[in-house]
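These are the structures, in structure tokens.
Look for chain A in each of the two complexes below; its partner is chain B in the first and chain C in the second.
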Partner chain A sequence: MIVSVLQENLAKSLGIVTRAIESSPPLPVLSNVLLETEDSRLKLSATNLEVSITAWIGAKVEQAGSITLPARTFSELVGTLSRERIDMKLDASTHTMEMRCGVQTTNIRGIDADEFPPINHGPEADFHLAGDTLKEMINQTVFAAATEMNRPILTGVYVKLEDTTLTMAAADGYRLAVRTSEMANSFDEKQDMVIPARTMNEVARICGDDMEVGVCLPKERNAITFTAPNVVITSQALDGRFPDFAAIIPRSFATTTMLYTSDLLAVCRRAEIFARDNANSSTMVVRPADNPGEPADVMIVGKSAERGDTEGAAQATAEGEPLDISFNIKYLIDVLNVIKEERVIFQSNGPENPGVLKPEEREDFVHVIMPMSK
Partner chain B sequence: MPIAILADEVVDRIAAGEAIERPASAVKELIENAIDAAATAVHIETAAGGRKLLRVSDNGTGIRRCEIELAFKRHATSKLRCADELSAIRTLGFRGEALASIAAVSQATIVTRHRDEKMGLRMQWDGGVMGRQQPVGAPAGSVITIENLFFNTPARLKFLKTDNTEKRQIYWVVARYALAYPQIAFALLNDGRERFRSSGSGQLADVVARVFGLKEFKHMLPVQAAEPPRMGRVAVDVRGYASLPRLHRASRDRIIFFVNGRAVQDSTLTHAVVQAYDGLLGAGAFPLAALMLSVPPDFVDVNVHPTKAEVRFRDQQTVFRAVQRAVRTILHEAAESAADVESWAAPSGGGTIREAPRPAASWRHALAEDPFDSYPHDRIPERAEAPMQPRTLPPLRVLGQAGAAYIIAEGPAGLYLVDQNAAHERLLYQQLQRDLGNGGLPIQAVAESQSFVLAPEDAALLTDTAQIFAQLGFELEVFGPNTFLARSLPAMLCGQAPGDVIAHILNRLRDNDPTVQCAAVAMAAATAIKRGQILQTDEMRALVAELERCPEPHSAPSGNKTLVHITSEQLSAEFRRS
Partner chain C sequence: MAKTRKILHLDLDAFFCSVAEQLDPTIKGKAVVVGAKPSERGAVASASYPARSYGIRSGMPMGQALRLCPELIITRPDVRVCVERSQAVMQILLDIAPYVEPASIDEAFADVTILRDPIEQIAHGIQQRVNTELDLPCSLGGATSRLLAKIANGVGKAQQPKDKPPNTIAIVPPGTEKQYLADLPVGKLCGVGSRTARALEELGISTIGQLAASSKSLLSARFGKPGRDMWYHANAIDPSPVLPLPTLKSAGRQMTFLRDTNDPAELKLTLRRLSGEVGRQVRKAGLRGRTITLTLRWADYSTFSRQMTTRNAIDRDDQIYTAALTLFDKYWIQGELVRLIGIGLSQFEQTAWQWGVWEDQNAWKKAGSLQAVLDKLWDTYGENCIRRASDLDYQPAYYMYEHLRGDEYG
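Up next is the complex of A and B:
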């Protein structure tokens, strides 16, 4: 194997594929990156047996071949090399890769490529999505997925295709995020699956603005594949049934408030400083104005029994009943962080009912937070 | 065989078996006699665990010459005259069996002189048969020497334990009486070596320090609670010492009781003490205590058992409550003034790890002498916001984690290993206590209620204790047979399977009094950081920083130790540096 690549390209794609590698993999070869020549490209792959990432970069291939190199040493070295051409030459008998770049000559010992588990990415994509839409959909849902393993199904993002609508949802038992989008393709037969949140985060990272991402839906091996230009991610779907979340989203509300996203976020962050000591519980106080059109009083209160308290007013208009409702303020901050619209709508049916947030004039993103009490 | 009345010596030996079952019981009887004889010094000497020799000398009143033969007769006593007096016994002995019983199963010699008499008397007994009597010169008091105990009851002899066991038993008999009578100077010699000595100063603290050890004594608090007599209630006076929660043992054997100066074993009283530590010590950890109860003589029946080790109270509940309250009170006070009690400063004797000496001031140093540099940096608080609670541990610097279970930290006086699970459990429990006191726990509603199934037995208990769970913030609904739905959960449970936590709490409630306190202990245990969990440095720092100001940082509510302190001296010794 004799191959030349540009340092820049190699460093970038290593940064993408090595994210599939676990910190302490069960097999030594799983901490390595697989390098294979493919026509005039170099193919890099890494896997943790659940998620596999492959990336291609342009290369001058003099002699075909394959090897696996320890990911950490390899990427650390490549990251520090100068922005020049890297010439690599494999000594197959010792599994040692000789790398020359500028003034630097390096030998890295690897493991035979045959020991690397086979990586099977899905075949043709079933449908395509705009990269920026996919990225936004993931970012607006994935944070709500559970991090604790006590209900494994909740550590994933639910994905559903029905007619021309793509739905993504995530929930951790205390909050729920649901985002929908229209697709060019139509699926007459409903298809749904749950993809690990970790995979979704990686997919969001590779999504760019001006790209199409192909999706190959799980078939017999229950794996989903996302294909971006020069990068492919394949992941096992989670087994199990995602809870039915439609019933959790209320349809009518006693109180509806409209607030400024960044303003509310700032007030929430201040409340959080004090709410920390109190299981992050902060209270939102909504006092609708007497006459429609006048500004309402909306306060976010954070209290600590020991350190003090803070109260911040958010600009708002409100309709309906006055409301005093407590939330885990972190949940509120999390969702406000992923809303780009200038204004958000907050709705609820009282202190013992969930609070619902959505961007103004949009029906495709809904976030539900369960209240707290004392 | 026709029925016949037993011969005297047979009766004596049978009776001896009741009161005198081992050398320690003989010592007990003889010490009681000495105390009843108003001795101020009691000297006990043993050889071969008391098997060969037991000698108890006292400086009490002694026995009159004319009474001495009678003293060795069964049911001969100077302490009781009629049955009515039994209900108001103020002396330790009264059954009139001790001397007769001992003499029946050994070779005994008594040398005694009554205070009012000029001449003493020596008298020998051999297996209950009176031997020679001769007048001797002797100091006032009695010296009773028992040789070859049980020589004529081989069965009893065979059942004796090893010398060491018997020695320990004797030690505890002596220690108990020394505790009960701090004004009497006791001395115990085993095979010629002094094993124990009390000063007879009258200060209980002196004796407690001797019996439990000086190091342990530092972690013990005086108990003093006189129950004011109320309508229909008897005044129970409780005095003594009880350990701080950080000092504990794996068994109950250092919980010692005296009722009106008599050492007694009473499981109810022991339980009262253990209960007082509920939430401070847990399974398998028991406090140390020596408590003296004073009750009116007619309130207690000591004539239950030949060795008088058991007593019966007219109203067990009153005594139970008095003991529990007395101990609880001092524990509460101790927790409140934890900062004062805890001496976390470097131990005297220069145990501190000194700051490495600054490099010798070179000329460059002298030039660079900046007024800002000389500002003592340690005056800046280690955290921008220190909570208001007083410190109970020195400032600790987290160094790392060992075995995914222990946080390694360094303090001014050595190394600390913090059990992450136990420490977090303690902090969560403290948090729960605070929240419960502040009107309730933060409760998080659940979006999509999760059902969980319990074992039928657990389900029944959950239904009975629903009130406790509601107080802790569980809003549960019955969903089907043995199946429940959680509508809201305590916020601190966030992310944990409610079914598991509830099952854990139920487990504890089943074995203990079902109270909110008890459930809180279990909830803290079920939600604490587990062993085996790898922690980030800032997580460890936060945990340790909070522990530093925790009122009771040394043990988890379930009783596990939270930290081990390895002093600088220990480290130096380990590396053979001085």
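Up next is the complex of A and C:
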């Protein structure tokens, strides 16, 4: 194997693929990156047997071949090399890669490519999606996935393809995020699976604004593949059924409030400083105005028994019943962070009922937060 | 300047022996020790003052004590009565002093700073009540800090004749603390054992006065943080407060089976019973906890302990049982013999309840009311007035049954 690449390209793609590597994997070869020549490209792959990431970079291939190199050493070295051409030459008998870049000559010992588990990125994409849409869909759901392992299925993002609608949903048991997107083509057969949140975060990272990302979720494989230009991510789905969530989203509300996203976010952040001592519990107080259209009183209160308290007024209009409802303020902050629209709608049916947030004039994103009560 | 504190240290004289004498008046005034028989390789837990005059000390092997005094009377401690009497003493202290910190079964500190009466008078009042109401001798030390109060008590007791309980009071007047300490040997300071005392001796320090006059940085360098504290103490600086009973940090129950068992039904029934007892304990204390600990001891005596933390702080029997069962199902290897099983609840919080997306709020409220009714029934008619049907013909053979609290757990 004799191949030349640009340091910049190699460093960037190593940064993408090595995200699949877990710390201290059971097999030594899983700490390595697989390098293979493919026509006039160098293909890099890494896997933890659950998630596999492959990236391609342009290369001058003089002699085809393959090898695996320890990811840590390899990335660390490449990251510090100067922005020049890297000439690599493999000594197949010793599995040692000689790398020359500028003044630096390095020999890295690797493991035979045959020992690397086969990576199967699956067939053609079922559909394509704009990179920025996919990224937004992931960002608006993945944060709501569970981080605790009490219910493993909730550590994933539910992905469903039905008719012309792609749905993503995540819930940690205390909140639920549901985002939909309309597809150009229709799917007769419903397909759904639950993808680890970790995978979804990696997918969001590779999604660019001006790209199409292919998605393939064949039921029989119980795996999903995302294909972006020069990068492919395949992940195993989680075993089990995602709990039904449609029934949790209320349809009618006693109180409806319209607020300004960044204004509300700022008030919530201040409340959080004091709410920390109290399991982040903060109270939202809504007092609709007597006449419709007039500004309403909306307050977010954060209290700490030891350190004091804070109360902030958010600009709002409100209709319906007055409301005093307590939330884990972090949940409110999390969702406000992923809403780009200027205004949000907050709705609820009372202090022991879920609070529902959505961007104004959008029906494709809804977030449900369960309240806290004494 | 801060208000001069008034701290008392109370010590029940030869407490276990005094209680033994109450239970059997015929041994009063004789050389008595409490502890196990020499054949049981026992040691002296407590020695009466007549016994002490033979040179018998607590901690001494029983055989040696018998050699010193062949007519020595050895009695077993009645722990239940001792605990009762100790609590009665603490109650008297609490009646008089605003802050009481029990230091052990027969020892306590009290902060009486905010009381108007002179410290000596307060000490007399306490001693008189303990003497007359409980018929127990006790000695008190009084000073401006815990350190001085305890030292004064020890010094006061040592000055009394050895043949009967000292029942004495020793007060160090404010402003005379350093002077009071100066001529005492360093060993009188708490934390200075015989080894430290020898090390200090090598540095030419044998009295507390010499220790006070030595260099703090030298002591820190030689002994670390304890060295620094030693210097402060020698200079009569001890701002440590009298803390009321430490708050409950965890609650726990464990049981040892008479015969090791691998019967899942028996194990789970035990688990539920333990959950109920832990729940009852924490609810009585008005606490809710987030961390559940399961302890299993296998037949080979190796002990295994695992924890899980719930989002919400829980206190209901069924909630504790559910969590305990989750751990049990996860970690008990089917067929494995269990010798001991235990449950603990800790990380107490008084935070709001976070509702779950898929939680049945009505069922939750019903379970809460049921628990409240059960607690009321148990409080009124005793723990056996209402029980689970599945527990009725379940008579488990427990070898040992332990209540755990505070730092004792895990």
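Going forward, the second predicted complex is superposed on the first by the 373 of 374 C-alpha atoms of A that agree within 3 Å, B and C clash if a C-alpha of one lies under 4 Å from a C-alpha of the other, contacts with A are read in each partner's own complex, and residues count from 1 in each chain.
Quick note on the criterion: a contact is a pair of C-beta atoms (placed from the backbone, for glycine too) under 8 Å apart; a residue touches a chain by one contact, two chains touch by 3 or more.
Computed from a prediction, not measured in an experiment: that's the story for all the values here.
Colleague: Here chain A is shared; do chain B and chain C fit on it together or clash?
Modeller: clash
Colleague: With both complexes superposed on chain A, which partner does A:Asn328 reach: first (chain B), second (chain C), both or neither?
Modeller: both
Colleague: When the two structures are overlaid on chain A, which partner does A:Gly131 contact: first (chain B), second (chain C), both, or neither?
Modeller: A:Gly131 sits against neither chain B nor chain C.
Colleague: Should A:Gly156 be classified as contacting the first partner (chain B), the second (chain C), both, or neither?
Modeller: neither
Colleague: Could you say whether A:Thr147 touches chain B, chain C, both of them, or neither, answering first, second, both or neither?
Modeller: first
Colleague: Between chain B and chain C, whom does A:Gly355 touch in the aligned arrangement: first, second, both, or neither?
Modeller: Neither partner.
Colleague: After the superposition on A, what does A:Glu306 contact: first (chain B), second (chain C), both or neither?
Modeller: A:Glu306 sits against chain B, while chain C stays out of touch.
Colleague: Can you tell which stretch of chain C collides with chain B among 45-53, 117-125 or 297-305?
Modeller: 45-53
Colleague: Under the contact definition given at the top, report the residues of chain A touching chain B in one complex and chain C in the other.
Modeller: 148, 150, 171, 173-176, 243, 245, 248, 278-279, 281, 326, 328, 352, 354, 368, 370-374
Colleague: If you look only at chain C, which of its residues touch chain A in the complex?
Modeller: Chain C residues touching chain A: 308, 311, 349, 351-359, 361.
Colleague: Which residues of chain B touch chain A in the complex?
Modeller: 385, 387-388, 434, 438-448, 450, 488, 491-492, 494-497, 500
Colleague: What residues of chain A sit close enough to touch chain B in their complex?
Modeller: Interface residues on the chain A side: 146-148, 150-151, 171-176, 243-245, 247-248, 278-281, 305-307, 326, 328, 352, 354, 368, 370-374.
Colleague: Looking at the complex, which residues from chain A come into contact with chain C?
Modeller: These residues of chain A touch chain C: 148, 150, 171, 173-176, 243, 245, 248, 278-279, 281, 326, 328, 352, 354, 368, 370-374.
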